[in-house]
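In the two complexes that follow, chain A is the common piece, with chain B as its partner first and chain C second.
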Partner chain A sequence: MGYPHPIHPKETPLLSEYFGDVAARSYDGWVARGGYVALKQALAMTPEAIVDVVKASGLRGRGGAGFPTGLKWSFMPKDDGKPHYLCCNADESEPGTFKDREILRWTPHALIEGCAIAALAIRAETTYVFIRGEYTEPCTIFEAAVREAYAAGVIGENAMGSGKRIDVVVHRGAGAYICGEETALMNAIEGKRGNPRIKPPFPAVSGLFGQPTTINNVETLAAVPPIIVKGGAWYAGLSLSSPKSTGTKLISVCGHVQRPGTYEITMGLPMQELIFDLCGGMRPGRTLKAVIPGGSSVPIMTPEEVAACATDYEGIAAQGSLLGSGGMIVMDDTTDMVYQIMRLARFYAHESCAQCTNCREGTAWTTRILERILRGQGKMADLDLLLSLADNMTGKTICVLSDSCATPVVSGIAKFRGEFEAYITGARAPAMAEV
Partner chain B sequence: MSTHSTEPYRPVFTGETRDRLEALGTKYPTRQALLLPALWAIQEERGWVSPEAITEVAEFLQVTPAYVRGVVTFYTMYHTHPVGRHFIQVCTTSPCNICGAEGVVEAFLEHTGCLDLGATSPDGRFTVIEVECLGACAFVTPVLINDDFIESVTAESVPALLARYP
Partner chain C sequence: MTTESVSVTIDGLSVSVPKGTSIIEAAKHAGVLVPHYCYHPSLPSPAVCRMCLVEIEKFPKLVPACVTPIVEGQVIHVHSPAAIKAREGVLEFLLINHPLDCPVCDQAGECELQDFVFQEGQAASRYGDYPKRYNPVEDFGPDILYVANRCILCTRCVRFMDHVAEEPVLNVSERGDRAYIGIDPSATLDHEWAGNVVDLCPVGSLVSKDFLHKARAWDLDKHASICPGCTQGCNITVDTRDDVVVRLRPRANLEVNRHFICDTGRRDYRWMNRGDRVDAPVVADAAGRRTVAWPAALTHVAETVANASGSVVVLSGGRASVESIGWVLRLVDGANATAAMHVPLGEERAIGAVPNLALRRERAANLAGAEMLGMTADWATAVHAASSAAVVIVLDAELTDDEAAAVARAKSVLHFATVADPRLGASAILPITTMVEEQGVYVNRDGRAQRFLPAKPAPGMAWPAWRIAAEAWALGAEGREAPGTASAAFTALEPFAGLTHRDLGFTGRVVAGAGVSA
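Presenting the complex of A and B:
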């Protein structure tokens, strides 16, 4: 549902049906809504059989990269005698993204069940759920649900009487966007600075505590229980445009729409319908100017690209951007694109872990040049300088935070160049005071 | 409040707190994994992570104080200086910015008497900072006051909100 709004007829509420329903938070409430049937079923399956169902569903990672989930699980070694770990990524810090928060606080047992099934599939006994430190309320609710699940015996040393051990441990973050990057997250759990690690080795070989590890996003894991109950083919059938994009996707929409919130669509719904029907379009008298569809790290789209776009991995890629995390930022004609791109660059500069020179220097320098332009002190050559900096920040660092800073700058200059030039020529009054 | 107290340091990891952390330790294969939880325990108890607290954590986990300091300073939510009785974090990242977050920050500064971002009000009651995306962008402007996550704060609602934090 378009939480906090009622379910729209064009939504497919699979994960979001009970958002806003306080009774669904408790163990009893969740069981009354069909909870833990999937885990019971999965406990009777082999790990390979669980992986096969998820492969057949076409489920892809909802954390940003869209990697096929079943395939990722199949990379975990078999019979290696080592402890395996599952990490659940509940760091959700990408600007515009606030969907995992609703799962944590409204349907925590859906996530616990998803974690338990995934742990069985990858032969792990322990799942660490890494929740960003700022999510105080979601964390409290989720921890209470974990305690209830232990007390009910659905997880613990003898999960549902199966003789199998399933532990779920909540690990609270302490402020750092970069900890959403998978290996930085592992370092944060290990009690280290949240610096991303150089890959390879990949987590399936050497991850958390040096052991084979799988990491999945909250929404990815919450989608697993319905797939187990209703089958891979059923989930794969939920697709309106590309057969490579299956199931439902939570899209958190914010910015200048009349009804911002977390909507659940079948993959492939036209983006125009999402923004104008489900979210109610722009405020009266306003027109659409730009959309950043997948969290702040993806290219900015124009209204023409939005009008032609199917909301799924392939559809958004065809329009030159990415589905990413599904955090959609909508901007109307009141938006100063240069100022907002500066804000985003400042975000990445603030969040850089500073290990790589190109990222540390590049994000800071990009921000300073954009600020200079906004003060009316820019030069035309600054635009080329920004683009050459962006080039030096793309594909040259340990993780893609650096690339993420370059992306809105490059697409912003390509699509809204006139706004940059207006500040530089003085046609537009400075938006920032001189220093 | 001053950074240097004349009173001797009272350890945090005693009694129940120690027991709780030791129990949590059984869920991890290394002792070092308790570092973030241990720092949270310190901050909950004392309001900030002092140099003496860093030494206590280091001894508890058998790592060096320099190592602990390196971790503390990496994570923005740990305070390495004392802060006001009520710590206010206002999101001003792009999605909130385009919907009016800057006005909310100004209202907080004005009504708390804090002279600047990051500075504590003269009565010691408040510290206000801007933070990056709080992950609740549909509820502009989201604000964290201590551990209370408050949605949809407007400049107009700030005075009544502050009254709840004496």
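Presenting the complex of A and C:
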């Protein structure tokens, strides 16, 4: 069905099949579309068996890091006598990323089912779904689905009559980007300031409320039910390139394409086809200038790199960037790269939690330098200064927000240095008012 | 805790420390200071300042030394090029929004930002002419101002209030470089132990109103001492400027007060600077009232005690050292005297999360020492006895009018005084030093004998009370010799036999009772 576009022949609608299908939101509608078969199956399996199926599928974390999901689940201790928790990270706040939103608003039961199966796999009774504060409509829809699922008895103290307890708790965020960082998210659920925690200890040892916790992205969990039904080998077979990148991936494409939206591709689809076939390419008379493929935190790609790129973890890494969350920002030749990079830096400066010195001060300073350049008041030495600051902000903080701010700056200067220099030399008129 | 030890190499120095020790503490053992801001040994570590990043060989990234436990065989570099460069970067970041107002900042001279920038910072700023973050100074509480512009967001103050005082009224407000330390709008920082945030603050952001602009840190003389405020016996540093006490600060003693003192103790120093002190011995006898030299005064004391026909009472204030109490009791043959220490009572105010640390009800530093030497806290009985005594020795005790009247009824009163008290009708006023003018020992409630050192000179001819008592005692019989030093006076006292002041070190030694912190 697709939404807002019809499904393109090159898409693989596994998670997105019912996007746009209002009837799929309800419990009955979801069951009519094959829902909760996987959970029924999983309730009859041992946790180890579920983990093994997911391991065999090759499913990797869809939130950005790409860590093998089955392996992550297997880190949870066994017979430790402690309560375990599952956290679902629905704090989708990375600029350019809006794929989880579609799952929440069109197929909420897919996520509930995925949460329930994952909870079984890690021996948790309670799942906390942390939904981005600004996601009012998705949250309302998801909460309604949770109520329905309780009412239907698929979750609750006796899930599907199995005698097993599966609770799903919706926790609404308050709008801080940093709460999408897994340990900051746990702090936020606990009612604390959403600051990332020092790792180790990792969540599997001490996570939510200090208990063993697994945290997965929405898309990761929504992919679990079909894997349980159709098998790990089937999912692992869904790959057009690297065997290390399996299954499908939701890519939310925005920016200068004719048909922006969320597309579901089989891992390894050439990025060129994604942008030019599925999304309809550039507007008439425009040419591709740059792509940020995986949410704003990853290095910027040039058209040449895009042309050679297979859209999966390895393929994008081979071109020097990252698949990340799959939030793709496409920019055509009208784009002012300096301005765009300044906007990203300003975002990170605004969202820095203020814990680590390098991030707190570095993101703001970086923004100020970029703004100065845009005002036509920059100096050539500013470019080296930006790179030096980026170095001081990379790999030196508790979480990677600081690194994320530095990344587009570094790749932007490396690949579009001329645009920076044009502002500095005065060849280009200032884009921002002087102060 | 395990006693298993782990060996590592830090900046080329081998060190062996208990398993689980953090790199920063292990480095201390090796004599290497890892520069840091947010880390404090008495607080949980958040690893946010990023100053203590060090290099471990074969590790891909620098690691925070404050939260990383050492692992056997690690080769750690605190001063490798990568670690130094990282610190340089952090220092630069910390300075871009810092007002650099050192010339008017109280912390200057004892500021860790100054110190580390001087040590490893860059000579010039690359920040340029951007405006710096500005927030007005905020009044946090009775004695504490928050100068937000100097704040480096290390959060020591927040963690102290959260986890040590357990009164969480501070937080980090806002995000990014707009962040500052916020306070609950309905609260003030008036917890009994809140003043410690001023000491914990590594920069001049939290400052004491009492100390504000009083003295520059480099003009201060610092003296190890013991808080005379209660039986806890917190270790303190007495800071003087030109022989005037300007500030009391906690001195670390993990067994007694960790790194903290209460605000009651912190505030109570003005008496140390009193200007109306007795500075020469005065004798009032048949020949009239007159100022005398010490030999005449000592003779008067010795004769008064020797000629006593009746009971002897000793009334001591709470700040008397064990030396002074011990020798006054020896002078009057303590076994036959009634001796009591005046112990004002107050409310007990615990710090929260530190076991066995509180402002104690008994507001007398040396009560335990006095009791070891045979004194009691039964003040009322002793005062009553004084009214019919042959000789009463008042050892720097503050008396009410009724008590003074009772003492004045005694046949003879010897006043070991810091300040004269005409109500007593004393036959001798003997100027004595206070605990900040002498060396001596207090024994705290856990039986820990702790030494304090002189911080300022005594007025005029004042002597330590023990010396007056000992010299007078020596006059009482042939062959007696008074001790020549406070340490000798201490060693000569039976409960401490064999111990010298030096043996007590700077953190004291448990000498009696079931010390909780042996």
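The definition used in the following text is that the second predicted complex is superposed on the first by the 433 of 435 C-alpha atoms of A that agree within 3 Å, B and C clash if a C-alpha of one lies under 4 Å from a C-alpha of the other, contacts with A are read in each partner's own complex, and residues count from 1 in each chain.
The working rule: a contact is a pair of C-beta atoms (placed from the backbone, for glycine too) under 8 Å apart; a residue touches a chain by one contact, two chains touch by 3 or more.
Values in this document were obtained by computation on a predicted structure and should not be read as measured data.
> On the A-aligned overlay, A:Glu94 touches which partner chain: chain B = first, chain C = second, or both, or neither?
In the superposed model, A:Glu94 contacts chain B only, not chain C.
> Output check: A:Ala176 vs chain B and chain C. Expected answer is one of first, second, both, neither. What do you get?
A:Ala176: touches chain B and chain C.
> Just checking: does A:Gly133 make contact with chain B only, chain C only, both, or neither of them? Give me first, second, both or neither.
first
> After the superposition on A, what does A:His350 contact: first (chain B), second (chain C), both or neither?
both
> Determine, for the superposed model, which of the two partners chain B and chain C contacts more residues of chain A.
The partner with more contacted residues on chain A is B.
> Taking the superposition as given, does A:Leu111 touch the first partner, chain B, the second, chain C, both, or neither?
In the superposition, A:Leu111 touches no partner, neither chain B nor chain C.
> Of the partners chain B and chain C, which touch A:Leu385 in the superposed model: first, second, both, neither?
In the superposed model, A:Leu385 contacts chain C only, not chain B.
> Thinking of the overlay built on chain A, is A:Ile198 touched by chain B (first), by chain C (second), by both, or by neither?
Only chain C; A:Ile198 stays clear of chain B.
> Across the two complexes, find the residues of chain A that touch chain B and also touch chain C.
Residues 176, 193, 350-351, 353 of chain A touch both chain B and chain C.
> Chain A touches which residues of chain C in the complex?
Touching chain A: residues 46-51, 53, 61-62, 64, 67, 86, 89-90, 92-94, 96-97, 126-127, 130, 152-153, 171-172, 174-179 of chain C.
> Please give the residue numbers of chain A that touch chain B in the complex, ascending.
For chain A paired with chain B, touching residues are 4, 83, 92-98, 100-101, 126, 132-137, 167, 169, 171-177, 188-194, 209, 252-256, 260-262, 296, 327, 329, 331, 334-335, 340, 343-344, 347, 350-351, 353.
> Provide the residue numbers of chain A that touch chain C in the complex, in ascending order.
176, 178, 193, 198, 349-358, 360-365, 368, 385, 388, 391-392, 395-398
> What does chain B use to touch chain A in their complex?
Contact set of chain B toward chain A: 27-30, 32-37, 39-40, 61, 70-71, 74-78, 89, 92-95, 97-99, 131-138, 140, 144, 147-149.
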